[in-house]
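In the two assemblies presented below, chain A is common to both, partnered first by chain B and then by chain C.
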Partner chain A sequence: MRIVTLGKARDAAAASDFRQQLAYGSLLLPLALIAISLLLGLYEIRVETVAKALLSLVVPQAAEGISSTELTLILRIRLPRVLSAALIGAALASTGAAFQGIFKNPLVDSNLLGVTSGAGFGAALALLLGGTALMVQGFAFGFGLLAVMVAYAGSRLYSSAPLIVLTLMGILIGSFFTSLTALTKYVADPLNTLPAITFWLLGGLTGVTWSSLPLLALITLSGSAFMWAVRWRLNILSLGDAEALALGMNPTRLKLLIILCATLMTAAAVAVGGVIGWIGLVIPHAARLLVGTDHKRLVPMSLALGASFLLVIDNISRTLLPAEVPLGILTGLVGVPILIVLLRRSQTVW
Partner chain B sequence: MLEAQDIHYSYTPEQPTLRGISLTVCAGTVLYLLGRNGCGKTTLMSCLSGILKPQRGSIRLCGRDLHSYTPAERARQIGLIPQLHTPAFNYSVREMVLMGRAPHLGLFAAPSRADYEIAEAALESVGLADYRERPYTQLSGGERQLVLIARGLAQQCRILLMDEPDAHLDLNNQQRVMERVVRLAASGLAFIITSHVPNNALHYADRVLLMKRGAALAHGAPADILTEQLLSAAYELPIDVIRDGELPRAILPRRTLQG
Partner chain C sequence: MRRLVCLLLTALIALSVNLSLSMAQSAAFSIQAPAELQPALSALYKARYGAAPTFVEADGDLIATNDRALRPSGMAGVPPHFLPDAFFVLARPNAEAEAFVAYAVSPDGQAALIESGFLPKSVTVTDQAGNKVEVAQPVRRVITPYSIATYLVYGTGSADRLVAGGYLGARSPVGAARMSAIDERFPTLSGYTLNQREINIEQVAQLAPDVIFTSARTAWLDTVRELNIPVVLFQGESPELLKESMLIVGQLLGPNALAHAKAWGDYYDSIFAQVVERTRDITARPSVLFVGESPLRVISGEMYQTDLIAAAGGRSASEGLTGYWNDVNLEQVALWNPDVIVIAPYGNVTPQTFAESPEWAIIKAVQDGKVYKMPSWVAPWDTPVPDSVLGVIWLAQKLFPERVTLDCKREALYFFKVFYNHALPEDEIAAVCGS
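Entry: the complex of A and B
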């Protein structure tokens, strides 16, 4: 009898170890997809050319024998775009997982507090003023943060239940900025500014260059490192404040730090990629199906799946039609059916 | 080990919730808090677990003021088992028990192999070792209580506060949970338990604190406290204690409706 029990314990431990390895191993998937994505596009490039071009970043002599068109295409156009797709996907999915945990609600993502609405207005305003691409990004980032800061300031007016009031404020401020965005669209020139605003709001990585990457990479990588570090604590936060307190934590402070971190990551992602929905909502659910609800495994899996999903979607967007399909449309078209299937299959997961 | 001296607490100044409660809990004691809804049991538990700070009076844990402990230090001494609830996410039994390791780990740390072993031993001592991979939300109410007790054991605390562990449980499950409590108390763990089932206090308590409108009506051994007179006063209802010879066997409210 004792032996049987021990055997069961070992099987269970093995299953748990396997999910752990799956979560960490999945981080290799986006790296592989980045390499594949560099090959894909309407202009065909051979594998060795891509390899040589990448090598030339370290050893300049490796670029010999590659046409300057191909070199530009790989290093100046595809590489920043592919890298930003991976970073944005990872940021949106991991912050979605974190928000679902701290708000104890599997149906929210990091837009809950209005960051995307604020960023959308910022970008629309910059486009209305005829700003450059960098100005559009700066405005989107700034107004995204501003929206959440206003919501936070509003919630501080009340002393009790800060997180519930913060959620309510976020929803209010979000709809306020959505109205402001509608106003800018209403007054925008319908021949050139209005389409520009509309396209930006649908999301896309067409104009991404190296200049937008440093901030995005810095925020996404350091933010992901923080999420990674506190990932096990998300389990306890998702049980509610009373239990977190009883387990010796300061739930309010940690939640605010996570919200700050997630807001910076989301604002940076939206500033570069525009409004790309569904990733923050759908990817954590897909990750839960694969590795379970333990955030120790869920955060790495969400990072990996989010990056991979947006890489695939962006490849479809670049190659499906001669003209690019906005990302926000594709994530919705692909994301909704996935969510419906997941909701059916994962009834037992939450 | 845990000593509360004349504690007062009020949410609003006009209406004090706790009016001068004193109690002492030693290792291996099972203390029951009984009283009507709204008599201040839950507020007292929040004060004893350090979540609320009494406006007057002192609470000392191992001779030191409870509020001089950091939250993590406190959680290594006192554990809290909330009323039955369903978490938003379906953690496995093992993951739930592992959360008890939080006060022993740094903010950025995840449980190590040693923590898994402690959790495993905790599950074994509540008799649920085979349940480790089961989803927590699919367990029965009694089993969930036992898992939360195991979490308290993994926390390695010396006092466990239980908020109505017998609520929503059938008689069989109540007995299963409470007998486990008594067995753990025999090994030195102290329990403070709120309950609306005085019969369980009769069966399992070492000490009983009977509360009424924020004050202690009586505090002592079950045989001295669980009497017709005191219970009737506390619940504002005629109550009979059914005896078998001298031994009290059951507590039963008297029917007041005629016919």
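Entry: the complex of A and C
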């Protein structure tokens, strides 16, 4: 809705317009980065080869003349990995932004209710029992959901201050599962199982193939679509429950739906990529610095920035050294200095 | 008159009984030994029977010698040593002689020799972390929190001195059953809280060990040093270091253990020499990728398996990596394009995992069907334990089937008989080796 303004207000409106264009335009960034990421890798593949391989998905004849090794590497190794990185980054960043809005707390990410801690324990347990990669993903997803269900059920016992109680239960359940994970690491065989658990907990997309992608894509895309649809309602939720009720919304139901959606997205993301920290916390802040706190612009920007950031990090992780650098290490090392630079350039954060 | 005759007769009978008794005591078996060994043998015999032994020039029941030419070979293994380079050979079955031999190599026999000055009262070794450790002899009680060091003790034939230890590879039901078959004391020995990370210090004090064998990376060394128990540190991440660690254990546990340690070193050298001989003219070594608990987790160049692959005549594809286990992605494996993939004995990755995956079909080893899972009996054959010589044999046989004639099953039967004094079930080891 355009309001006719004069003087300083007109500049503010122009700035707001620019931010809106930036927020929606930024969605092109992950797509561009996906294309660039397909060209990067330890195995040298020429640009034309990559282009022809991608074309062969539509037109099979285009794949003539490409060696099967290169074709497999592009279509079965790089493509699913790059897509997973984009999806996971988008999922973690948007759920972080949503939680920061619902809980009116700039210091939280989607692990507030314990989903990442629960998923970490599930994966550690599966590795301790000697399970396959599929079992590890399944356990991680299941225990992530379990953690949040327990936290939510616990908070329903107190109706006086639901938000605070929910936060508290989430923290308690999260630390409970963290302790359980520590127990798993303690009893694990130190020569083989313990390093496997540690590597998994640091986050990585090493063995991602097409088999991991369908569920992740389904959950992330539908979850992001839901977040997109309710993004302006997040503005109202962040005003407080009383205001939201007065404006005709049902804040309890909406919060429940958003928490459910965010939990599913985070659980799926962690099940595939391990524990990747900092994205849910830092990316929404970076997005706020660029487009402001209006969730109508913040949610698209978080999605785009989260996907792009994790794509860049994953590219570094898989091309820097012959061995993979865990993602959880790089997100912190790279993300925190970037945020400090962004903070220095801006006056307001929240 | 009749009383006198009765007295005389009784005296005669008593005398003859006495004589025959004493003759029986010292004539139970005869020892044939060169002059230089006779004082030590006398000291041993006296400590055991309280009398002097019967030495003969030839055709003795028990032969003691330091002539290496008289050493038995093959499955008879390492003869019992009572002094460095001096050993026993039983000329004919004789229960008393066998008991004496067992006594001679036991800590009690060692104590007798120490008392008479034939063996030192204490031994000082330089362990593999560079510390000089003095250990009083004889060592009767050993604990090995380092689960690899336990097998060093077994490999030197001194498992009777073990009172507690960690056992690598014996957590699974199969491994535990096999280890129980080798050593019936295994359930008791493995039932303590001992490992590299943490130790129950009061349990250790109660066990009252004479020496502790552990790894250089152990966390609790300071606490245990308070108890004034000698701690010997091991770090055997290469075949040379493994030979050294066997010799350290041998030096500390008596002449018999030392003989076994040297015999193991000789056995390893002979296997290595055989492989070198048979693959002398091959310039392009096959590139081997060694994976662990997941298909994309590979060894680094600093791990023991790299040297194991080199000893078997191959070259590790991932020798450029550093540290411990590394995660890599398939692009890196495609760059290496290994000729052979070897899967570690632990974990649940199988050659099936590689064959079924369309992504791995681009790798030469998978295309040629050369993906193998290394076998193991109890301790994994890719870790720095004495059993790893069998890992070298198995891998050499897989890499060069037409050139290397070492047979995994035959060598495993020999190895376990000689170094563990255990007869492996033939069909089981054939099935294990056949993979």
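One rule holds in what follows: the second predicted complex is superposed on the first by the 327 of 350 C-alpha atoms of A that agree within 3 Å, B and C clash if a C-alpha of one lies under 4 Å from a C-alpha of the other, contacts with A are read in each partner's own complex, and residues count from 1 in each chain.
Simple rule for what comes next: a contact is a pair of C-beta atoms (placed from the backbone, for glycine too) under 8 Å apart; a residue touches a chain by one contact, two chains touch by 3 or more.
These figures come from a predicted structure and were not determined experimentally.
A.B. asks: So, A:222: does it touch chain B (first), chain C (second), both, or neither?
C.D. replies: neither
A.B. asks: Is A:179 contacted by the first partner chain B, the second partner chain C, both or neither?
C.D. replies: In the superposition, A:179 touches no partner, neither chain B nor chain C.
A.B. asks: Which partner chains sit in contact with A:68 here, chain B, chain C, both or neither? Use first/second/both/neither.
C.D. replies: second
A.B. asks: After superposition on the shared chain, which partner residues are touched by A:209: those of chain B (first), chain C (second), both, or neither?
C.D. replies: Only chain C is touched by A:209; chain B is not.
A.B. asks: Where does A:21 make contact in the superposed view: on chain B (first), on chain C (second), on both, or on neither?
C.D. replies: Neither partner.
A.B. asks: In the complex, go through chain A and note every residue touching chain B.
C.D. replies: Checking each residue of chain A against chain B gives 5, 8-9, 12, 15-16, 101, 104-106, 229-233, 235-236, 238-240, 242-243, 245-250, 254, 288, 292-294, 296, 348-350.
A.B. asks: Flag every residue of chain C that touches chain A in the complex, lowest number first.
C.D. replies: 168, 171, 195-197, 292-297, 318, 320-321, 323-332, 334-335, 344, 346-348, 357-359, 361-362, 383
A.B. asks: Can you name the residues of chain A that touch chain C in the complex?
C.D. replies: 41-43, 68-69, 72-73, 76-78, 81, 130, 132-133, 189-193, 195-196, 199, 204, 206-207, 209, 318, 322-324, 326
A.B. asks: Given the complex with chain A, which residues does chain B contribute to the contact?
C.D. replies: Per the stated touch rule, the residues are 49, 51, 70-76, 78-80, 82, 85, 87-92, 94-95, 99-100, 102-103, 107-111, 120, 129-130, 132-133, 135, 138, 155.
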